[in-house]
Structure formats: C-alpha cells, structure tokens
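After this come two complexes, each holding chain A, first together with chain B and then together with chain C.
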Partner chain A sequence: MTVTTDQEHRARPAGGSGSRKLLDTVLKVRELAIGAVLVVMLLATQLDNSDFLSQQGIKDLLLNATILVLVAVGQAMVVITRNVDLSVGSTLGISAFAAGDYLSGGGNPLVAVVLAVLLGAALGAVNGLLVSLGRVPALVVTLGTLYIIRGLDSVWVGSRQITASQLPSGFAGFGHDGLSVIPYLALLTAAVLVCVAYYLRAYRGGRDLYALGSNPEAARLAGVPVRRRILTAYVVCGALAGLAGALYLARFGNVDSGTGTGYELTVVSAVVVGGVAFTGGSGTVYGAALGALLLTSINSVLPSIGVSSVWVQAIDGFLLLLAIAVDRVVALRVADLLRKRAAETRSARHA
Partner chain B sequence: MTQAAPETPPVLALEGVSKSFGAVHALRGVSLRLHAGEAHALAGENGAGKSTLIKTLAGVHRPDTGVVLLDGEPVEFHGPADARDAGVAVIYQEPTLFPDLSVAENIFVGRQPRRSFGRVDHRAVRQAAADLFRRLGVALEPDQPARGLSIADQQLVEIAKALSFDARVLVMDEPTAALTGSEVARLFGVVRALREQGAAVLFISHRLDEVFALCQRVTTLRDGALIASEPVDGLTEDDLVRRMVGRDLDELYPKQDAKIGGVALSVRRLTREGVFTDVSFDVRHGEIVGLAGLVGAGRSEVARAVFGVDRWDGGEVEVDGRPLPPGAPSLAMAAGLALVPEDRRAEGLVMDMSIERNINLTGFASTSRAGVMRRGAERSRAVDWAVRLQVKYARLADAVSTLSGGNQQKVVLAKWLATDPGVLIVDEPTRGIDVGTKAEVHRLLSQLAADGVAVLMISSDLPEVLAMADRVLVMHEGRLAADLTRAEATEESVMAAATGRGRSAA
Partner chain C sequence: MPDTTVKPPAAPATGSRRPGPRLSGAIRWDTAVGTLLVVLLICSFSFVDNFGNALNISFLIGNALPVALIALPMTALVVAGEIDLSVGSTAGLSGAVMGALWNDGLAIQVIIPLCVLLGVVCGLINGLLVTRLGLPSLAVTIGTMAAFRGVAQIVLGSNSVTDFPQQYLDFGSGRIGGTFIPDAAVPWAVLALVAVLVLHATPVGRSLFAVGASQQAARFAGIRVKRLKLSMFVATGTVSALTGVFWALHYASARYDNATGLELSVIAGVLLGGVDFDGGKGTLGGAIAGVFLLGALQNVMSLVNVSAQSQIVVTGALLVISVLAPRVGRQVAQARARRNAAEDPPPAAPPPS
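Right, the complex of A and B next:
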C-alpha cells in the first residue's frame, strides 16, 4: 500500500483488546479443560489402583490412543471446513487389509504402509470430489461412501482373515516396541499431529480451511480456492485413515472384513469432545487429539477401577453431550459479552 | 480534477452486458467504463441491478451476453480470485467477514505476507492490519475476533481489506451506510488519494450528497437497463432522482386520509443490550408511523424484539393495552401483530414451497378443524388473498421462487394480511421491487391504515417514509433520536437525526 493520508492520527487504544483476551482464554481453556479432565481422571485411577500407571500401563494407554488420534486429526481438518467424513472407519478397514494382504505375500513393511496411505488418500479424494463438486451435504455423501467402501471390502476380503502369524515379525515388533515407555506408533502419531497442527497454523492453505469453515460464501468472495481446499482436507483425512489402518495391522495383527466398523462415530465424538466445532471454523487438531486420548483412556480406566466396561459407551455419550453443552453455553456467553462490549466501545467513541 | 484522456482505454469496462436469473432480467445490455483517476458513481433504486453489475465486475457472476474489458482487452473472470489478481477490490454492501478469525486475518485471507518455506508471517499480518487501521483512523485491534463487531466496524474491516492491496479498481457498494460523519470523511480522504494515484473508483451510495462530493461521473440504472452515463457537473440531485425513479413521485405515493384512533401498539423503554436502548413509542389505529435511520441503527432489531423473534432485556410492549410477553412470536400473532421481515427470501418465504402453502403458513388456526387441515379452506384463503393483492402467478401451486421480487413481496404481505392483524410492522416493504409494484404496496398500506390498522413502516427509502408516514421516528445508534410529525419531517430533519446531528437541535 502506498497511499498515506494522515500519519499523525494514531488509533486510540481499542476497547476490543479485552474481548480478544477473553476469547483467547476461552479457546485455550477449551483444550486445557480436556487436558485437566484427563489428568485428574488418570491420577484418580492411579490412587485407586497403583498398577494403573505402571510402565506397561502407560504404554498401553498410548498404544490404545494412537490409532484414534491419527484418524481424529484427519477428521478435525475436515470438520474445520464445516464438513464431515463418515467413511473413515471403512477406509481404515480396507487399507489395513490391503497392507496385510500385501505383507502376507512377503512384501516390504515400508511399502505396505505407503500402500495403505495411498489407498486411503485415493478414497479421500473420491469423497472430496463428491463433496466439493457435487455440492451435496458431506454427511450424506460420506454415509454413501461408508457403505460402498465397506461393501467392496466385504466382496474382496470375503471370509479371509489376516493373522499375526502371516506378518513379518519386524512389522509386528514395530507395533509393540518403542523408546522406553513411548511406543513407536505414538511417536509417529505425535509427529503427524505436530505437522498437521503447524500446517493449519502457519500456511495459507491451513488458514483457508478455517476461513471457509467460518463463512463459506465470504471465502468464495475472497478468492479462496474452495474446492481445492476441501479436496485437500478430504485427501489428508483419507490418507491418515489409511495410515491408521496400517498401524492397526501392526498393533493387532488381525484384520478381517469387519475391521473398523462403527469407528467413524468414535472419531467424530473425539473431535467434538476435543472442541472442534461441528459448525466449522474453530478448534485445533491438538484439541481433537486430546479428545481421542480422553475417550480411549476411559476404556482403560473403567476396568481398572472395577467398573464394568458396559458403561463405556454410555459415558462416552455423556461426555459428548457435556462437551457440546459447554461449547454452546460458552459461545452464548461470549457472544453476549462481545455484543455489550461493542456497544460500550461504540458509545465511548461517539461520546 | 484528473480526467482521463479519452484515447486511453478504460481500466475496466463492461460492454453490452446482460445477466438473467431465471425469469428475472437483472441487467439488460449495460455498458460502463471506469477510467483511471476517475470516481464513477452508480445510481439506481434498490433492485435496479447495481449489485449484479458489481458482482460481474468482481468475477462472481459471468455475463450471459456482453464482455468485460480490462485495459481495453476482453477478459473472462472465472472467479473472484481472477478479478482480485487483476487489481479489482470490492467492498460489498453486506460485510463478508469470517467470525472465527481475527480482524487481521480477515483482511489478508489468501494473501497473507509469507516468510521462509511459505509460512504465514503472523507478525507481518498483524502489523499491516494495524497500519491500515491507523491510516483509516479507526480504533480496531488486529487480534480481536471479527465475531461481535458492530456493523460499522465490520464495514471498516471490509474497507481495510479493499485498501490492503494496490487496487487499480476500487468498487464500493454503499460503504458509508453504517459509518459516522468523521469515518466517512476519512474514508473519502483515502479514496481521493487512491484516485489521484491513478486508481479507478466505482461508488454506490443512496446518499446523493456523497455522490456529488466524491464522483466525477454518474451512471444511472433502472430495472436493469442503462438510463444515462454523464458527468456529475451540471446535474442536480433532482435530476438524478428523476433518472433513477423515471416518473413523477406523486403517483408513487398515494396517501389516503385516515381517522387516527386509539393506541394499538405501545412500546416502553425497550432495551436489548448492545443493540438498542430505551426505545419508547406508540402507534395508533389508522396511523402509518415511519421508522427511519441508517443501516445498523437498530430499526429491524426493534421490530424483531417487539414481535418476539429476539428477546428484550428490559422494557414493555403492549398491544391494545394488553402486555406482550418477551420472546413469543406465536403470542404476538395471537395478539394481532404481524411482521413482514426485511429479508423476504430468507425470513419471509419458504422459497421452494408453493404460493398457496406460503400464504397458509400463518393460517393453520383458521383452515383446520380438530387439528386437521382442510384443503378447501386453505385453497380459498390463498386464492382470496392472492387475488386481492393482485399477485401475478400462473398457478397457485407454483413455487414462490418462480415469482418476481415484487410478487414475492405481495405473497409475504398476503400471508400476514390473511391473519387480519391490528398492528402491521413492515420492514423495508419495497426494497428491491419494481416501481409499479412499489406504488401498489404503498396504496395497500394506505388502504390498511384507512381501515384502522396501525402500521409501523421501517424504510431506508427516505422519500417513501416522508410521503407515506403520518409520523416519523428516527433511530440513531440504537436510540430513538427524533419523533417528527408529518409537517416537521423533511429530508434534512430526518437525515440530521439519523446521523446524530439532530441531537443538539432537538
């Protein structure tokens, strides 16, 4: 910009800084709150059962969380754009079987992982194209692809099964071992998490995802390549579901045509509990990861404090409703505060 | 004045552009030439095609026929990004912000300054936004979220957005509607500086004095067609109004004498925090009360609160002496209140439903027996009102989306008049409808008042308010600034109150 009209006029200290801090705090607190709930829950369980946070216990917690965290990170990217991908469970299942099928024929483990990622990315691209070109609600499109991919999986797999004995031992080892208490799978997941979070924060493509989730029409008018961005989000989401499939194979060694069934709902819960708004435009992948960690930890916590695991689903559901209720209340209060503050600023300015 | 030499081609031009949406011809063979260093005004009534023209320049719409010329060469904008890359900056009438992003990010979406490895330089984004705000002289924090900004502040962010790149063409669609006098003056200072540096400016405003203050040429549209394109020098405001309206104003505003009766609607100290404060007024049977003010002054919000769409924080509303509970539109309807909303497509109609169904949305009580709808009663109710209001339609079963804007508005009116209201609130009743239908709507409102209905008419169309209203209330920034009798209400007195200048005089 080259024009200068009036240099000496300085903007007055704005009344907006208060509301900014307020909102910042709320957003940070949103993730802090989940973290706090998680820590309290784990510590309380440890007090009740001192074996809970043993070396093996921590390792199990992390191993259980990794796969869900990976898929939740991808899902969060899609949800930030005000869309959703329900086909992730099916994608995970078919990718896991593809990798297993290839490995049981004597393939290279690294190639198997790449294969799973590529297959997932391809399925994500199909979703992305359908959603961005077809202008059909993502919920319906991906519900369709959920069944289609699951159907193809069943036809291809039939009654076959991949078992741990068919896999190279190094691959299974990768699924179990780690650096002291931290499994390799968790390290890989953490690396992915940090990369995606950084992309969303520091790159135009990432910022555009927030913009188009916040106000799709404004994004279009601002020249954001809406279709390409949505496609990217779906491809990444699919690729991460594929990667999660490969890790699933490494961890459990057992894959059939039903692998990953119903997983999409757990993933969506994790994302929402983690503070990624279903209405798009807000939330972080760190929040989604924390949500996933929280949900999987409950699975481990309940048995170790002697609560029957039949309660797990009910408690997950309760957490989901609680998370949404908290978000709604906070959003209303913030809107109220901002409205009043804006009025004060305005009247102060014209006084 | 810097007048471009005639031989240099215009920076951006439209030649013979037409654009239709379904049966509606938004633009018919319109040409427009924007020269470097010239501020060009676009005049026309609501619905004359100005917004469509702007969106064609901005790459949002592609013309059905005709061409867009950039530096004299035909060019095809495939989307807003193409137009932006060609140096066209647009400030839209409705702010298009991202509520979840910070103000600074809003300004630079898709164009953020970058540092190594293509990463967004958040600090530079903030700094650049702060610089822009300083130049515009506004007190906005780059880091605050866009959510919760007042309309005026949102508009300022839009202006900052448009100024943030070296635009060769700056298009402004009513940028000043929500701004105060000093903010307008500062904006004009920036625009003049840009123009002197060789930018072409296209300016739209309903405040004609602004057109005369800022622009060198003016192009007038009416019903999608080009009426005139001429230098501003030598024109008067009356000339411009005549070109825009295209007929004598008298026949447009038939006003019958009505017997003013008792108080129908009484609003006392109504407050919704941050939106409007301490609003008190009465509307009597047989009276048309105009509610004027600038966009964002809180007029529609008062109407929404009175009708119960939004809750109020304090105050009272009475209809025919009986208090109305807050936040209950169905009770307001039962008390005889009707609200014809501002945005008929989003709030007034279900666009994909038939004319008959739309009219009967308010009629469940009168067309059903024991909870079961009676098709015959529904049909005759719809036919009755469609004919009374002279809605032009092929079949009652047609979707309302197939009707023209004016006929859609008649359907909304029919929907509410069929409830036999004692108090009718109409919000921008003639926005975006053609002149002929406009006169019909005015005649209808006048007739209703003569029949004893209390009418509260919100309108930004000042001549309409002055001609139709028995009394004019003026709002300024959420407060009632003036209550003028028909004799006191003039263009000057209403605008003075609406812009906050009237306070000392009143």
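Right, the complex of A and C next:
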C-alpha cells in the first residue's frame, strides 16, 4: 500500500505553472490523507491487539482487499468519465459462477479465468453500448442491467452451488498462497492496478477519459472519440469485475446465485472515498485502490478491537459522506485560491 | 411569494406541454404506460386464474403501496433534477426505531409521530448536504443509504419486533369491508391527490419543473432553488419514514433490513412512468401508473408461476426500455427534422433542443 503511494509521487511530473503545482499538491494530499488514515488506523489497532498485524493478519488484510480493489479500479475508470456502473456486483457473481461451472467440469484454471474476464468484458460492452449509443443516463441503465444480469444469473444457477471441493486444488491454492506475506492474488491485483494507472496517465486514451469527465461537450469538440472511449471504460470495468469474479472463486471457493449482491455500493463507496469525484474528470485509480483498502481494513479492524460488526455499515456510510464533503470543501478552497492567483498574475502583467 | 409572480413565463414551456410538438402524432409516454396498465389488468382479469378475486387485488395494491407512497415525493424530486437513493434505508430506520421504542414501552401514538420526525431529520441531512455543500445528490444519498441502514442495525440489531397493537396491525393489512381496497389505500389516495395538485396545479409544482429544466434560469426567474430542493428532500424523508411505519405494520414485523432495495423499485416505477431522469419532464399520473404496472406485472407473473428470478429480469428490462425508448424516439424525430430542414432550407438558427 505504501508502495503505491510512493510510485504516485515519483510518477507525477514536477514543474508546470503555479496553479498546476497547487492542484497536484492537493491531489497528492488527497491520496496521502487516505494513506495516513489507513496507517494510523492499522497501527492503533496493532497497539490494542498485538495479533492484528501478524504474518497471517497482514495476509488476510491484503486478501480481503484484492477483490474490492480490482472492481474499484474498473469502476474508477467509468466514474472518471462522469458515468457509473452499478452492475459490477452482478457481473462479478455471474463470472464467478461461469468460471466455477467450467472448472468443476474438469476445465483448465487459466482458461476459466480467461472465460470469466471475457464474460465480464461482454457484459461491460452491453452497458457501454447502451450508455454511449443510447445516450441514456448511466445510473438508470446500469441499474437495469444490474437487475437483468442478476436475474439471468439466478435463472441459470438456480439452487446450484460451487464448493471448494469441486475445484482443482491448484486453483484454490492460488487463492490462498503467496510469496511470504504477499498473496499471489494481491500481486496480480497490483500488476493490474499499475497497468491501468499507467494507461490513464500516459496514454492518449487515458487522458481522453479525464477530458470527457471534466467537460463532455468540450471533449467532443476537441475531437475525442466520445463513444469509443466510454465503451472502452465500460469494457475494462466489466472485464475487471469478471476477473474479480474468478479471484473470488479462488479465494472463497464458494459461489451461488447470490454472490456479489449489493457489491456495487461498496465499490462506489470505495471509489468515492478514494477521491474519484462523482462529477467526473478527477481522481486516480491509486486513490480508488486506497479507498478500497481502507474500507476492507475497517471491516477487519472493528471486530479485532471489539466493536460489534453492526457498526460497520454505519461507519462506511459516514466515511463516504465525510469523504465527499471534505472533497467539496477542499475543491472550493482550491478554486478560490486559483482565482486569487489568476487575478494576481493578471494585475501583475498589467502593472 | 413575490418569486411566484415572476416565474410563470418560464414554466409553461417546460412543463405540461411535454414532447408533443416533437413527435407529432406520437402518443405521450405516460398515457401509454397508463393504457398498458389497463390492458394488463383487463387481460389478467380474463385469462389469469385467481387474479380477479378481491383478496388477490388487495394483495397487489397492498404490496405496491410502499412503492407508490414514496413515488409521490420521488417524482417531484426527479422532476427537480435530484434523486434520493436513501428512501429504503430511511424506511428501514423508521421501522427499526419504531420497534425499539415499542420494546421500551412507549405508546404507539407517541412512537409514530417520533418516526415521522425522524424522517424529517433524515430528509434534512440529505437536503442540507445537497443544497448547502453543493454535492451531487446521487453520491450523498448513496452515503446516507448506507449510514441510515447502519444506524437501523445499531438500533435494533438482529431482533424483530412483531407484537404491535392489533388494531394498528389490522389497519396495516386489512381491507375495507369485503372489498378489494386495503385500508391504507385511502390515506394514500388522499396523499396522492394532494401531490398531484401540488405538482401540477400550484406555483410550487411549476417551480419544480422550471428548476429541473434549467436550474440557472429558474434562479434568475426568482425561484428559491435551494429552499425548494431542501423542502422536497424533507418531504421525501418524511414520506419514507411513514412508509417504514406502514411496512412494519403491513408485514407485522419491524426489522433493521425492512424495505431493503425499495429505492430501486421506486425509481424503476417512476422512470417507467415517463419521468425524465434529467429533470423537468414527467407527470405524477405516469409515475403512479408505472409503479402499479410493475406491481401488477409481478403479481401476474407470480400467479402464472414465473420464478422470482425471471421477474427480476423483466423489471430490469422494463427499466432499460423505459429510458432507452424515449431517447431513441427523440433521436429518430431529430433525424427526421434534420432531413426536412435539409429539403426546405430554414431561415436561420438551429432549433433549441
């Protein structure tokens, strides 16, 4: 987790005009703030309960976070374009079952993962086509596909269930083992995270997503292929939800028709807590990943310091509210500052 | 009041005269949904066994009532360009508080006003965050959705409270005499009448349409946008809390997870009824028709043994179609208009969309 923030700092090009630097600082502070909250929280818990950060404890923290981080990274891409994908929970569920069904029939684990990713990408493409071609509000359409995919999943799965005993032992091992304290799943997730972050920062397609989110009309006039970019974001989001489904299967070994229900809200919370604004055009996938890590860590921290688990949901909700409120206040302050700077430069030029 | 005298010029153009001129000859979406509801009811009466008896109809209406209740203020909110996803959680919280206070031995006549007051507070939280901080209502209400549900869980834990006084339970699930009308449908009808009048026949309603069409223009026209939106959030919270009370009585059980997912049914119904998600367009009659169309469809599908899972698919598909169809229609109409314009060159300026 600290690794990602470090990369974030090194990667950001220094320089640019004063306002640019100011904005950069704020964005960095944003991710730093989540990171600091996370570290403080973990250390405090460790002081209270010395077993918390044991080798197994760290491994559990990372394992719990991986699936949410993956979905949050995909969701962040969509939210950056000022859209949203609420169907990720359903996509995760149906991909997990598809992979499990294939594996329990004696399939190859690698093919199963590819299958889950492809299924997710296809479902993402449906969402993307509806949003980009139909020009309908993303919230409503993906709410609809949330129902549709969940319904299809339930009809297909029925009362069947995939259990760990039906899976090849190597696959389940992949879900639990790792290099010392770092699970393989976390390594895979980190690799995906770094790739997506690099694409968003360094490639034209990635920058276009931000342009689209900041001002769709201006982006269109500037020649950004709006439909194709939105479609790409949704396909990646769906594919990552599918991959997360395969990893879910590897981690828990237990999939039924209810897998992933209600996941979309956790994902959206993680993304927004991580500083990817709902209004589009800002935030990074590192932030989203940190947000996901923070939310899953809270879920592990509360029981281990003896707080009843009934508090978890309320705390998640208040955290989300706090995050967006603080974001907003900071944004207003920055806008004020920038305006003042601009006014100063202008008067200096005139003088 | 001075603001209402300034506004009328802005409102009529955006509100009641819906798509009309654009799709000449095409029917309005909300009347289409209403017709579809009537057709569905007639077909079900004729062909579906056990649909037509009074008991089943009262079940249909009773199950749709919570959704129909919240749809009233939600329509106003969506017309004004906002949305509230926390309604289900507010209802759950209100039910949980009702159960907890009842366990503590308070009189039910005291508890119900307290629950309504709680709804006002929930609405205020949403409304103040949206209007004073300028946050998107979607993000705020996703947050409060988790927060309110979480508080409900803290208040009641995993208990369920069922021993409410019998006369209240009878009101929640009874029907008038031997007819098909549930007792609770009467107060709902009164509320619905009030809501229709407010939305479609008062300055407040016209202001809501104006705000939804263009917030900036509405502000310049002297409408107190923030106060109006805040009051709509409060109304939504209040009605949601009432719904929570009704839910607990209707199903004779107050639990923290009551009314989970209710927000989705409400929004599906409202949008199906032709209320534009972007604000400024829609009728309450359409929204009510949409809610009861979904309710009737679910009832009929259960009767003809369509599994609950397939019902979810149908709900989702209807939701997608309800937003997709008007847009596709609009695009076709625009394309036709463009072709017409190309044939006989217009004098100037493209038509405002």
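We take it that the second predicted complex is superposed on the first by the 333 of 351 C-alpha atoms of A that agree within 3 Å, B and C clash if a C-alpha of one lies under 4 Å from a C-alpha of the other, contacts with A are read in each partner's own complex, and residues count from 1 in each chain.
Everything below uses one rule, namely that a residue touches a chain if its C-beta (ideal position, glycine included) is under 8 Å from a C-beta of that chain, and two chains touch if they have at least 3 such contacts.
If you're wondering where the values come from, they're calculated on a predicted model, not measured in any experiment.
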{"item": "First (chain B), second (chain C), both or neither touched by A:L179", "value": "neither"}
{"item": "Of chain B and chain C, the chain that contacts the larger number of chain A residues", "value": "B"}
{"item": "First, second, both or neither for A:L110, with chain B first and chain C second", "value": "neither"}
{"item": "First (chain B), second (chain C), both or neither touched by A:V224", "value": "first"}
{"item": "Which superposed partner A:Y203 touches (first chain B, second chain C, both, neither)", "value": "first"}
{"item": "Of chain C, residues touching chain A in the complex", "value": "83, 129, 133-136, 138-140, 142-151, 153-154, 157, 264, 267-268, 271, 277-278, 307-320, 323-324, 327-328, 331"}
{"item": "Interface residues, chain B side, partner chain A - complex", "value": "58, 60, 79-81, 83-85, 90, 92, 96-103, 105, 109-110, 112, 114, 118-120, 122, 130-135, 137-141, 143-145, 147-150, 152-153, 163-166, 180, 186, 189-190, 193-194, 197, 273-275, 477-478, 500"}
{"item": "Residues of chain A that touch chain B when the two form their complex", "value": "1-6, 9-17, 19-20, 23, 201-204, 207-208, 210-211, 213-215, 217-225, 281-282, 334-343, 345-347, 349-350"}
{"item": "Complex interface listing, chain A residues touching chain C", "value": "84, 130, 134-137, 139-141, 143-152, 154-155, 257, 265, 268-269, 272, 278-279, 310-318, 320-321, 324-325, 328-329"}
